[in-house]
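To keep things simple, chains are lettered A, B, C, D, E, F, G and H as they appear, and every chain counts its residues starting from 1.
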């Protein structure tokens, strides 16, 4: 089991949520620890998949024509196999197991054009054994995207 | 209007989608341009909100208890005012205008505990004039989160 | 009130449903009436909006990126005013009053790109007083388009 | 692969979308090309199923009593076989693969009377292996039917 | 308040549910009471709207083209006024207040043709203040119609 | 095939829709035909299941506690076998094949008490092979029940 | 079969619905019977599962983070086996067979944290053969909980 | 703010969840504290609405004919006033604010007969200003009712 986050972890995360390119030296100075501590903590946070530091982009501005959200229902006993196959699909970049009005798998997709989108739905997702229903919601516009949530506090 | 992305922009974006902490020098070397070019391009990409370079985290691992997706319906003539007020709410970190099975606003939320979630739904969102319906989907588990889409190619 | 269709009308319509560019002379010969009769009947059929003779096209092949079907709900007492305003929108080329799982207005749309589609939904349809709900279905592929129904027979 | 549409193709299509019976000579004169060019372009546009030139009719005025839209759901892995069988049914004149609130097949139908409609639903569509759900929307009235979309512009 | 049904009432009702034209004398003989008793009981059962004795017909066989079921939703505070206006519409012959997946008013309709049906939906029901939604289910075929329920027994 | 209804049939039906106990002599007098004609027509109308003359009752006043409407979905390929089994169930007195928001079977039910209703749903309908979904709507109150539709006119 | 409740049973129940810790002596005094009668009646009421006398608690105040309602659909022919397996799950404390907008099984759940809830949905309920759909409704706040219904009166 | 529950509170609650009539002396003995401690803790637990000790009954066995669950939607801005009025209705004994497939108010109801149920829906709930929709689910059978959850552990 992973060690719970402490105050130093939380402070490092908060700074990087604001600016992913802040240097280790600058982080060390702001939170009053050594640069080596920052470096080792950062490595651990990334290795344990607590955080990723990446360029997050607006896919519409990158030229993707069809961007949106899929709500995928599956036979409840097949949901893990369906999830495994969905993870292999490049156009699906964000996949979560969900419950609420339906219990299933939600995914975010991007497609360069209608041909790619058509193939995604009809040739990839529809052909996965156990999928029973696919609901598509198109993104018309991005209104807010912030990643500086902070943390729910040190354990 | 913004200048369309060219090959250099696209290559810089792709490298940063893989690793947000790669240095400008390393980018310059890999795509065979000067470090000054990388720096100025990067500034423009960030300023124009094409990309953000940030720590993207798994909110469940950061200690948030309730994480998920809201589908918010509003009176069609009030949708912009509703969107403006939703943008002010800290627990909503990703907001998009959408169409599909319903036309409205989808949002991702995080809450530290049931009290914070309760307040989000009953005291914030329900009180916005023009909201007609809120549907909540809880995240049970994160199955995939990748940001290295590349781009849909230089214009 | 319009005169009911007779056998000659029905035969002319059937031939034109197969080939809209068949000449009046050819029609006259095939159904054994004079060319003048064909001409006058054809004028009347078009004037009374029984038929239109036009190039019907596959919008995806013409370069439209987003093509599909809208299901628009409106306050029942406002449905005629809503219909009148929808008719003014160029991107909606086919509009019908419908009943079934919902009672409202169904429309077919075409859009050149996401900007035009976004404007159609958010700036045009959503702003019509009385619209309560819009549901979008995207066309992935055309599987059949035939207009040679014949008629339900002379009255 | 098909050659993309050029300016001449687009202008021919636009004229024929307004009036399907305009003569080749008249088209040639209006867009300043030879009649031979019009003829060969027109043949190609029709052969490649870019356009059909036909009489498009109001089925209610032709005496069809029941006219409307079907939303057909199928087991995702059977959707192509279902589509193939639906294409064989004369009363379905327009069939598309769709996604949105549901992913499946939408079709437009016409029926002369309740007996024909009854047979269409119960004896044809319901008996196709893989169909899971059929939703019927009746057309009460045609409010707009225009085919002069133009094109999304030469490639 | 009405007197509860006794054994004699129940036996009279059961016989008439089987055959509405059985004579009073025959009823009297079968249940062993005087003809005068049958007559007075029958009058009371009809006057108190416990039963109607009528020809119940298959509307499709009587030539009605469109026959079916409407599910009408109304603003909850207006439901009585809506019901009062629906009762005035000749094409609605059976109207009940209901609850379940929706709470509202269900009605059975008959229409001679599409024009009459169109007027029923668009010109009558849609114009009633307080109606929010109308859902139509068409009858394709009658599979069973029996009225000989008997009674739930004398009180 | 049955002979279409003529003017005499229609007049007889209309009188009996108002009062199922009007005597043949009275009908004969009112529509100016012989009593023998009335008798033979009436026999034929009943034998051909055009009409039934019966006591139609308000089941709530007869002591039935749970009265309402079922919407039964079935696998499309099993719908006829499902219908055959539903017809055997006494508590279902009115069964129709339907299409609209769903395509399936609608039925009216009556039950003396919760035990009988429970058995109807859980022990009878749920156990029919091919049934996929049952939706129940309870009747709260009868607002109108009229059977004097007349006919859609002689053929 | 159980003996129907009499007046004494009903009075005992009413008192205990208000206060489950009222002594037998106090009950006896208030309803004017002997303490032995109270004791024997109470034993019978509990043994026949007419009542349970227990501490009913607010699970949110007891520290459960996720509390709510599940609507579970199952293949109609498997519903009893599904119910039997659901009864074995500790987190489901209230399970009923239901009908209405859907016919299936409704259950109340409690979970200490997201891990336990995740396991409940994905590892327990989803793996029961015959379950087709799970819908989750979260409790945000308890607004009323009263158990002093009295009874519907002695039989 | 309330003091968090400690180990003694949790042990007292667990014993009373099993048997609400266990004596204070018996509790004291089992968890090894004084009877006075049990008494004062119990008073506090009840006063703070952590627990109620009551007879919980099976309403069907108590003679209630109609028992079930209501899902009540309201205009989001009126939800508190709606909740306040619902709390006044005796037939609603359990009311919670909820979110999921819909956000609103869920309530459990009991009614002695159809008249009382009819009045509950049509004369009480439907007349509350702000209610937009009521969905009723009937209970057919109780399959499990346990209150011995324990607690989520001392804080």
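Everything that follows uses one rule, which is that a contact is a pair of C-beta atoms (placed from the backbone, for glycine too) under 8 Å apart; a residue touches a chain by one contact, two chains touch by 3 or more.
If you're wondering where the values come from, they're calculated on a predicted model, not measured in any experiment.
Peer 1: Please state, in steps, how far chain E lies from chain B along the shortest route of touching chains.
Peer 2: 2
Peer 1: Tell me which chains count as touching both chain B and chain G.
Peer 2: A, H
Peer 1: From the C-alpha centre of chain B to that of chain F, how far is it in Å?
Peer 2: Result: the chain centres lie 57 Å from each other.
Peer 1: Could you work out how far the Cα centre of chain B sits from that of chain C, in whole Å?
Peer 2: 40
Peer 1: Any chance you could list the residues of chain H touching two or more other chains?
Peer 2: 65, 97, 99-102, 118, 121-122, 135-136, 138, 140-141 - these are the residues of chain H that touch more than one other chain.
Peer 1: Pairs of chains that touch, anyone?
Peer 2: Pairs of chains that touch one another: A-B, A-C, A-D, A-G, A-H, B-C, B-D, B-G, B-H, C-D, C-E, C-F, D-E, D-F, E-F, E-G, E-H, F-G, F-H, G-H.
Peer 1: Give the list of chain C residues in touch with chain E in this complex.
Peer 2: The contact residues of chain C facing chain E are 73, 75-77, 79, 97, 99-103.
Peer 1: Could you pull out which chain H residues touch chain E in their complex?
Peer 2: 118, 121-122, 125-129, 131-136
Peer 1: Which stretch or stretches of chain B touch chain A in the complex?
Peer 2: So the residues of chain B touching chain A come out as 2, 5, 13, 16-21, 48-59, 61-65, 68-69, 83, 86-87, 92-102, 105-106, 110, 112, 135-149, 151-153, 155.
Peer 1: Which residues of chain G touch chain B in their complex?
Peer 2: 60, 65-66, 113-114, 117-118, 121-122, 136, 138, 140-141
Peer 1: Within their complex, state which residues of chain F touch chain C.
Peer 2: Touch residues, chain F against chain C: 100-102.
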